[in-house]
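The following pair of complexes shares a single chain, chain A, combined with chain B in the former and chain C in the latter.
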Partner chain A sequence: MGVFDIAFLVSALTIAAPILMAATGELISQRAGVMNVGLEGVLLAGAFAGYLTMTRVENQALGFLGGIAGGLLLAALMGLLAIEVKVDQIVAGIAIGVLGLGLTTFLDQHFVPEPQTFKPLPRIEIPLLSDIPVAGPLLFDQDLFIWATLAVVGLAALVMYRTTWGINLAATGETPVAADAAGVSVRGLRWSAVLVSGALAGAAGAYISIGDVGVFREDMTGGRGYLAIAAVLFGAWRLRGLLAAVAIFAVTDAVQLRLQSMPAVPGEIWTAAAIAVLAGLIVMRRGLVVGGAVLIALVALAVVHPVVSLPASLWLAMPYVLALVALAAGGASRHRAPSALTLPYVRSEA
Partner chain B sequence: MKAFAVRVLTQLAVAAATLLFAALLLLAIGVSPGDAATAFWNGTFGSPTNAGTTLTQAVPLFLVALGWIVADKAGRMHVGFPGQVVIGGCAAAAVGLQCDGVPRVLAIVACALAGIAGGALWAGIVAWLWASRGVLEIISSLLLNLVALQVLAWLVRGPLQGSLDQQPQSANFPASTLWPAVESVPGRTLSYDVILLPLLAAALIWLFARTVFGFELRAAGGNLDAARWNGINPVRMGVSAIVISGGLAGLAGAALLFAGSAPWLSEGFEAGIGFNGIAVALLARNSPIGAIVTAIVFASLNVGGTSLQALLDVPSSLTSVLQGAVIVLVLVAAMLLRRRRAARRPAAPVTTTPSTEKELVA
Partner chain C sequence: MAADPGPDEALRLSGITKRFGAFTANDRIDLGIAWGEVHALLGENGAGKTTLMRIVTGLYQPDEGTMSLDGTPVAFRRPEQALRAGIGMVHQHFTLVPTLTELENLAMAPAAVPWRNGRAAARRRAAEVEASTGLRIDPDRLVADASVGERQRLEIVKLLCRGARLLIFDEPSASLSPGEWDELAKLMRRLAGEGHAVVLISHKLSEVFSVADRWTVLRGGAVAGTGDIAGTTPEHLVELMVGESVAPRRERTPASPGAPTLVIRDLSVDRLAEVDLTVHAGEIVGVAGVAGSGQAELVEAVLGIRPAAAGSVELSGQRLERRTPQAFYAAGGALIPEDRHHVAVVGGMTLGENINLRALRQAPLARRGRINLGAARLRARRLMTEYEVRATGENQPMARLSGGNQQKAVLARELSTEPSLVIAVQPVRGLDVRATEFVYRRLTEHRNRGGAVLLISMDLDEVIALSDRIAVLAHGRVRGVLDAAEATRSRIGALMTSSEVRP
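This part shows the complex of A and B:
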């Protein structure tokens, strides 16, 4: 059936999982008012730390723990800069990003001069359930990380919206003064949010290196950290929006991976894109002129079905372009940013 | 005067801390810091040829640093420099490859202008997304960096591919487009574009201190209410700042190609200049004059890192570790200074710069 078969859905899910895990962490941290622009560096730290652990002990559980430790380490540095030293969070994030890339490359060249490859995480086939058509191979024949991601997202939803801690977290990001006056420790909450985000990004990074492909390469996260931040922004700092954004990015990425190997763009892509634009228009109820024009163009392409092919590198840029378009389309959602995002909290003792 | 002394002392302390960190890293991988220092010096300033390379490599870093300074003064913190350097370089290369037989002066000016235009255009996307769609410039610029890399990868394999053995790179640029180098330096490694260092630093200082435009830029990056009451449109100034900084980064891309040692367009030509330029500006605490010094320091880190790898087998990524460490140390030092000052004058409240983003939206 061409592009959209089960293997496609599975690959979209595999792409989505680490981005979703990292984005959930970033969401928690941003709701507390700390924006880590260097998430990419934290992911890399997790990826490398997990890989390094694997080269020494060759145990996947320990590898993931190592990845989490690596992510925690860089997140702790971010916390130190943003919460304790109170420097500009954007600049601190840039430093974390540069440091993450530099350190992982340096340590990789020194400690693991000969690249090693490991087996990726085993898929766990659940008897009976995995025999269901479509849903079976998609949901019940996955590796543990996919399940862990689902659990983390569910838990995050519960904690953020249903517990005192979650409410305090939002209060800390909105009006830290009020939260402080109510007896909530702004510093403690921000630290825990930053560390949670570091642990999740570390685990996501470890999945990218040892969980999915089984090897570490310089700068291997390839912008997933930026996509995760874009998802938080596009999702208007809500978990539901975040899920939608990650789904869009992952599907685009899976599509481009699939299309790279195809000689020309199949007609069903235009149809699918048209449906997606239509859905977007219905949800947003804005930008009808531009959106309508795009929709008509896509429908025309689907009907005419011309032989178009794009070079591989331009396909590779698709998820980022789409993220930009999504951010531009959802411009007004910025009003819902936590009010104290990127603002250090200075307690006035007067 | 005393404040100036404190600033210089702080910079020296940061430099010393970075050197200490480097020495520890070298010890950790079993290289004697003494040997490393000798190799480093010989590789960077030990001979006129190497010194020429170091100074020439400082120019693109300095241009990007100026870009950061302009944007930051207007309160716009974008990090799109890698992408703007890449697109500026691509535009310059596309023009340069067509310039065979064009008089030299004309060809050089055309390439430089193409670089500036390419960078400014790429930055223009960031500016437009920020001004009219309210997209945070930091995230849009990060994403555009990734897009720019793919555009470059496509160009060197597709339209601009020109090497005979089908490598992903362009043909060599015509000799008329290459920027002139000082003849007396062996190997002709010192390009004349180093005169941009003092010239542009002076121009920028003049712009900020003496022109209305410079004043309005700074005002837009300062108190927004005051700026508006003075009839300054902060959004327009922000857009101008982003576009100018993109133009400077694009010029850096052209300088990398036409004043560098490899006169062709290839995938890795940007070589981390975009992010390192930010570090250069941060280390110089946004002073254009200081950026000359720090750009030379960073260029020597790059050049010296290469010779350390060749002679002592030190991974060349040591350089990027140090660059990251420098940013962290500068941030901490700046904050400690501010705190000390605040402690001495207890009456003055510690002011944090609020993100101007939200005020613009409100």
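This part shows the complex of A and C:
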């Protein structure tokens, strides 16, 4: 049985959903000019708050609400530091990240000394449609969170590109003085963007704990928050780019999950990697020498098909390595960042 | 002498006072502005124009005094309130979002319900404004792709769309080409003709006399006078602004050019092509030309920031091979850069440090590789007096100084090292009358002492008034070099617009 089967696609989708949800929130926040580097901490807060709620009431809807509340709490702290106190956003974000990890670990030991396990979110099997081959199990036999993620992304697209609020959002992150002059409250807009990002990250965190596996473990988000931030940057602050970036990360992560359990690297991985590099070269039209060399090497590997096995830790690192490569390759698009990103707004310098 | 605006009065300020600590920025100001007039607000930098307009637009609240609009008392606590009442300001730095389209910039507004889309409504309002004023925008163009004049037009349309009836223009010509200014002047007249009230803040008397109906001069935070343009003269207004008669331009001693100090031969840099230019000791050579004719390339190539494709530069007899800024200064060059805030001064450092920047490696400031702080302090204080830099002390942060005093500090730093050549780029940009006069005097003195000055300016009057010889730059080429005696606006203008490319 090959690597790329339906189960693989389903697992990629499950991996993608929380990252996409958190990244959409982070995108909205960054478009307003607030970069929350501590997104990882917000995810953890959501994961733990959802889990804590579950241990008390054992109701998944309330659990998710609890997760959202946890995310909102840390996001509110970020908003307080970045918007009101005007602390350096990077420093504040690092603090939020560290706080999220430390606080959830501490509270977990304190309030839930005996780990508990819950049933994950039920899959909703849509009659008839779920019987379609490939698309059926992939799209019509999923849990509610996957659907919610799709709805959130659709709504975000609508709000960002089809409403006055979206215009104000872009203006606030790009030229806050213009938004202010137009009577738009820069403070209010940044607050709402940061809180939206907190709520989405909280929900995503809750999915990671109670929605997907039904447990909470220390640092269980495992860098998904950083992947989400990387996706925003790599996607050049556009929703479409964001989707592509999350897709790449999720597929890579799903691949590494598969490969961990395989004795040797199957040949189709090399082929797939070669196709990905080729597509990347065509899109970027840059780095032809390095990219070409990598491409030739991959094609050679696919043809020769040697029996290689790589240590599991290396596979684990793959999405992050890819995120780094993506960020380096996307360096040229960095000028598309909102001009006022991370800059506090102080009025009266007209 | 106050001309009564009559029954059409739009805005009336009475007894407006604004203090910042012990400093009174506005002192019991009375001002009346009528519908249908262009009202010029004049005054030197720091006369209180900006503070007053910030009060009118709701950015500041007055400590004393009242405002009334159409006879009804008003008090604005936020800019939105002033805007809603119909008072809008076109800032010197536009408040536009470059990454949005022109239409989206118009649609930007506080959204009552988050899911509202204001694009269609904005398009409709823009069409209405176009129908009534003839102001046309390109709705689907990115603001980043629009020219400065087009952006200013969008800014005006934006205010009109929001229902502004009283429009304040803050030094609108600063970034405009002469052609664009003429357009704007026509537009101001048209707006006034339709019953809007227009306030024009400006230093430039020629502009004021070409469009305004009435004038008000502020000096030291108080009203120095007000009246009809028809009944006054430029000299009278200047006198009111400055408080005393500015001496007419001094009789210039004829230049006594010595040996060539700066010799540029066949210099080609980017759009600059085969420039030959010589500046002798003891003369000021002005470079005239519209912005973007290659001035920046010329300066940067001589300085060594921009690599030249061909040609040579000689300074004080030394040929500058592989030019670097360090070599330029070592050979006796000095620069008064155009961008005061970002290039000429370090805002976060103190005045004293800024003044001494150029002298740190020489005795007596440098003592065995360390800086002699005592000597540095003394030197800074001496130069502050010598160059009339007004500050609380040499430790005042540079960014806190007014533009005029910053420029004086730059002059102190650059001229105190007795350079053989000074390149001055737009040296009086944004300065008031008195500071301008000071810069002119110092540059002329430098030339009288036998220094060479290369003056680069977009202001033709400035070039004519200061220079001994004038090189006219157009489309990257020197179109001609004139002696001051034979240089007239029309001759220079003809050369500036000449487009024929000489072989």
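We adopt the following convention: the second predicted complex is superposed on the first by the 347 of 350 C-alpha atoms of A that agree within 3 Å, B and C clash if a C-alpha of one lies under 4 Å from a C-alpha of the other, contacts with A are read in each partner's own complex, and residues count from 1 in each chain.
By definition in this document, contacts are C-beta pairs under 8 Å (C-beta built on N, C-alpha and C of every residue); 3 or more make two chains touch, one makes a residue touch a chain.
Because the structure is a prediction, the values reported are computed rather than measured.
Asker: Is this a clash or a fit when chain B and chain C both end up on chain A?
Answerer: fit
Asker: Per the overlay, which chain contacts more chain A residues, chain B or chain C?
Answerer: Touched residues of chain A are more numerous for B.
Asker: I'd like to know which partner A:Phe140 touches here: chain B for first, chain C for second, both or neither.
Answerer: Touch partners of A:Phe140: none, neither chain B nor chain C.
Asker: After the superposition on A, what does A:Val91 contact: first (chain B), second (chain C), both or neither?
Answerer: A:Val91: touches chain B, not chain C.
Asker: Does the superposition put A:Phe8 against chain B (first), chain C (second), both, or neither?
Answerer: Neither: A:Phe8 stays clear of chain B and chain C.
Asker: One more residue to check, A:Ser313. First (chain B), second (chain C), both or neither?
Answerer: First partner only.
Asker: Figure out whether A:Gln109 sits in contact with chain B (first) or chain C (second), or with both, or with neither.
Answerer: Once the two structures are laid over each other on A, A:Gln109 reaches chain B alone.
Asker: Once superposed, minimum distance in angstrom between C-alpha atoms of chain B and those of chain C?
Answerer: In the combined three-chain model, chain B comes within 6 Å of chain C at the C-alpha level.
Asker: Which parts of chain A are in contact with chain B and also with chain C?
Answerer: 339, 348
Asker: Okay, in this complex, where on chain B does chain A touch?
Answerer: 25, 29, 77, 79, 129, 133-136, 138-140, 142-144, 146-147, 150-151, 153-154, 157-158, 275, 278-279, 282, 315, 317-325, 327-328, 331-332, 334-336, 349-350, 352-355, 357-358, 361
Asker: Taking the complex as given, what residues does chain A use to touch chain B?
Answerer: 37, 77, 81, 85-88, 90-92, 94-95, 97-103, 105-106, 109-110, 218, 222-223, 226-227, 229-230, 233, 311, 313-314, 316-317, 320-321, 323-324, 327-328, 331-332, 334-335, 337, 339, 341-344, 346, 348
Asker: Any idea which chain C residues touch chain A in the complex?
Answerer: 54, 59, 79-80, 83-84, 91, 93-100, 104-105, 107-111, 114-119, 158, 162
Asker: Enumerate the contact residues on chain A facing chain C in the complex.
Answerer: Interface residues on chain A, with respect to chain C: 158-159, 162-165, 167-168, 170-171, 174-175, 177-185, 339, 347-348, 350.
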